[in-house]
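Two complexes follow with chain A in common, the first pairing it with chain B and the second with chain C.
After this line comes the complex of A and B, so read on.
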């Protein structure tokens, strides 16, 4: 198991190196001089030279690349151009909010998607199955930015049940829980639709297997057969999708956080892009990529626990 | 399956037929915008601000008194062209890379696959955001960003198809009879992937329209007063309480467009029996 885990980590490292290199190259090869874009139009030549030196852009490309890595390995992502604060500090202050939002969203999407998928498979070709399939189809086509706006309109402006924006405290307080619900639901609906579709098709394959017929013939209760035996065996594709949804959630978090003024990384990313704050953009992209690689690794490792047929050899 | 049989089968399916009719209607709306839009999408009338549905303004007016229906009709031009151009970028570059990797194999394949794996490791929306982040906000940069996101998706599918086609007997026969690489690729390999390219293009259209609208919604794509659907939705947020209809109509139109392309994509995939892995 340890060897398996180490091998999986080793596979993730080149991806991370390549992502960092890609981000580095995009920044350096983007048309236009970033220094000129950062400074006001009336900046003097001396200001330009000083800024270029400050950003390390006066060195050759390979030198810049190695220096870039050296700093990243020391946990130094530079300073934000907009706020002058270290990028690392900016990230650390925002990560808990995005993590909380992503966590609640993934739990909500599993809680909505898995039961609907299982029930649709058990009741294949019934009215419930038909309605849920249409709902899932529309769900994956639904623009999350519009869904968020509509949730605000319904639950905050018309009904007044939940706050329209901001984070009102930690998740375990009532105010905090209430404030995370709408942004998390905005993120969860699309994922839940994909998860229910995947669960349904995965379950349909499993419930036709002989061991399910045997389990039923032995007189086990139908609910036990489906929720324990079928779901456990059909869960690997669903779990892979859940892992993939994490990346999707991070992308979606940018939109949900902007709509709901949620003080996480997504909102920070949009501000950084608006201000062309390159060091901050690099830091955020690195963090996003690293977390996607990490979650995929955890998903790979969890296969062994869920399905013993997956060997670690 | 003959083409006539194929078309008949496609149109007999009520879902795919509905999707196709909706797409034709949307394209017609975009092309005929100057003739069918009741007002100029940019013309402001401060006396008619935030009006609900009236006989003059069927879908009401926005904060600047502009006719919402006219803006949505003109918006189809921007949203559909963003989708089309980004899918074009993704399909041309992706297909080229996929064919090169699959056909030549060896080092070319290994390098290209490694590059594509890196792009695939990036969640799509984040990749698009990163590219827009470095290129700067604007509708053209959004087209490039969404196009680049599609590249690895096309390349992977086309590479797999090319690998299969490369070892088929008629390709080996063509090679044995002295055909050059270019002729083999264009005459024998690419035609075998047309179905997959068509299905992917349809699905990517819906993703491209959705992503581009999302980026415009964030203020990173089309800039006001351009009547792009995402930008209209973004502008409508500030008057959500007073004029919710702007958000509702615009969102419905975006969803309808995405659903239409997905319906047609689903039907084509089933008819061609293509695997999209």
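After this line comes the complex of A and C, so read on.
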């Protein structure tokens, strides 16, 4: 088990190296210049040169690249160009918010997606199944910037039930819980749709198996057969999808956090990219990549517990 | 069955609790919705942005600006230039203390400007300021003398007034916090810094000892809300009381909502389409003028700008104290445009496009998309009108960061551009666009008379003479048809109608000392 885990972690390392290199190159090769935005409009060309030197942007690309690695290996992600704060501090202050949002969104999407998928499979080709399949298709197709705005209009403006934006406190407080609902729902609807489709097709395969027929023949209650026997075996592909959805959620968070003024990494990423804040963009993407690698590692490891046939040897 | 009923009732109660609107009690707490989070409160190191805007609530400057851009005493009660405009003396306000209890005096002013001029600080103004200032003297506790390298009346607008980096920060706090002063600002302004939760909010509280009298709001809360529609919904639902920047598309909606109030005021800004005279055929005055004559600027501004802008006049914002009201722009006159083009040897080709020596009259307009009011739409309208006239125009619409770097490297034929020129002294304003080595000087327009008029204007102490020189400079720029100018943007803010006592500032500064929430 330990060896299996270590091997999985080792596979993650080249992924991270590739991500750091790619992001470094993409940010530097994208046209646009943070120094010009940092300086007042009437600054002179000499000011531009001086500021570039001050920020270390006057060095050649390879020099900057290797210096960046040297720093990362010492645990230093550099300073944001725009705010001049250490990138690490920026990340640490935002991570809890994005983690909270992603967690609530994942839970919501599983709570919505799994039961719908199971029920659709059991009631295959009924009206419910048809409606849910169309709903899933529509759900996947909603762009989150539109969905988010609609949810704000409905729940904040017209009904006045929930706050329109911001984070009003930690998740376990009532105000905090209320404020996370809309952004989390925005993220969850798309992935709930994917999850319900995956659950449905995976369940359909399982309920045709002989042992399900046997379980039914034994006289077990229908609900017990489906929710315990079928779902447990049909859940592995869904779990894999949940792991993959985590990456999509982080991507979606960039938009949802901007619409809902949620103080997480996604909102910070938008600002960093607009400003060409190289160290900050790199720090955020590095963190995103590392967390996706980690979550997928956890998903891989969890197979062992769900399905005894999966071994770590 | 009964168990299920109870579970159902409990669930229902929980849902109701979650969705019940929350009412917050507020003791004149004003909540602001800003388009982004402050980048830093170390205002010596930033230029523009929300950090600067909120910084104005925490810090004071030697000079303040009134609602119409007039210079008013700030931490300096009075100031004067020497006869030859090389020495600037400030007489400071007595009895002022910083929020940390330390005393404000001449030494504090010197400390701040020394910090601005120290390369280790990394201020965007460091190089310019060090070149402009020879030394700073403090003959007594309440007098500061700036000895300048050369006569420069515009020095106040450039380095000392509120538009600049010259906020006075507590020296004790800078020593205590070092770089962390960026998140622990200590000034002498109307509001004291309390806390900053990154991405969520900044909290300020009333400075009871403010030299201008204790402000009315007990607290100011600043919330970053990047999405414009969300900001408006928050304003409507009372989540915030004030929006600092309003999108033009939202203005009509706000005007028609009795619960909201819209504030607008013309600003010292200028926007238009500039020519790159380094590129042909814009080296030819006739071509530039013909293009200006072929665009119906008045109609475009009226239709597309709405009440977000006012039509400009000439190369300087109308509100600038040195604005020349006698400037006559080329105007809209297609017949005259045709005559000028044919004078320069251009003739209409078979495809309806002007050509000369086999070369078509065609070029590209570079524009951002929404960063400036209606930039893309105005570029499109100009493109359409020029096309009908016989000039082929392509558009290159790019996002802001790319736009800035393309524009400042001079990589354009024509560019839709603009900005704020906050200090309204005749020797300030957009004239620097055509002078010296500033990074905006990319239009290939060189004129020695202009250079002379401007340099003299900066060194002349007499206001009327400065104004006369500024008028002359504007005639030169206008006659050369350096650009087709469209509008001066309005400064637009919105607030809930129960927010009273607010005075909208024409320079764009936030003043909240006298603001309160009516019942």
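Methods note: the second predicted complex is superposed on the first by the 275 of 313 C-alpha atoms of A that agree within 3 Å, B and C clash if a C-alpha of one lies under 4 Å from a C-alpha of the other, contacts with A are read in each partner's own complex, and residues count from 1 in each chain.
Please note the rule applied: a contact is a pair of C-beta atoms (placed from the backbone, for glycine too) under 8 Å apart; a residue touches a chain by one contact, two chains touch by 3 or more.
Small disclaimer: the values here were computed from a predicted structure and weren't measured.
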item: Partner chain in contact with A:276 - chain B first, chain C second, else both or neither; value: both
item: Partner chain(s) touched by A:19 [first = chain B, second = chain C, both, neither]; value: first
item: Which superposed partner A:250 touches (first chain B, second chain C, both, neither); value: first
item: Which superposed partner A:264 touches (first chain B, second chain C, both, neither); value: second
item: Partner chain(s) touched by A:157 [first = chain B, second = chain C, both, neither]; value: both
item: In the superposition, chain B vs chain C on chain A residues touched; value: C
item: Touched partner set for A:289, first chain B, second chain C, both or neither; value: first
item: Partner chain in contact with A:146 - chain B first, chain C second, else both or neither; value: first
item: Doubly contacted chain A residues - partners chain C and chain B; value: 30-31, 37, 149, 152-153, 157, 258-259, 270, 274, 276
item: Touching residues on chain B, where the partner in the complex is chain A; value: 114, 117-118, 121-126, 129-137, 206, 210, 213-214, 217-220, 230, 233, 236-237, 240-241, 244, 247-248, 250-251, 254-255, 258-259, 262
item: Residue ranges of chain A touching chain B (in the complex, touch as defined); value: 15, 18-19, 22-23, 26-27, 30-31, 37, 137-138, 140-146, 149-150, 152-153, 157, 247-248, 250-252, 254-255, 258-259, 269-270, 272-274, 276, 278, 281, 285, 288-289, 292-293
item: Contacting residues of chain C [partner chain A, same complex]; value: 17-22, 36-37, 39-40, 42, 45-48, 119, 122, 124-128, 179, 182-183, 197-201, 223-227, 229-230, 233-234, 236-237, 239, 399-402, 404-406, 408, 419, 432, 436-440
item: Of all residues in chain A, those that touch chain C in their complex; value: 30-34, 36-48, 50-51, 54, 82-85, 90, 93-94, 97, 149, 152-153, 156-157, 159-167, 174-175, 177-178, 181, 258-264, 267-268, 270-271, 274-276
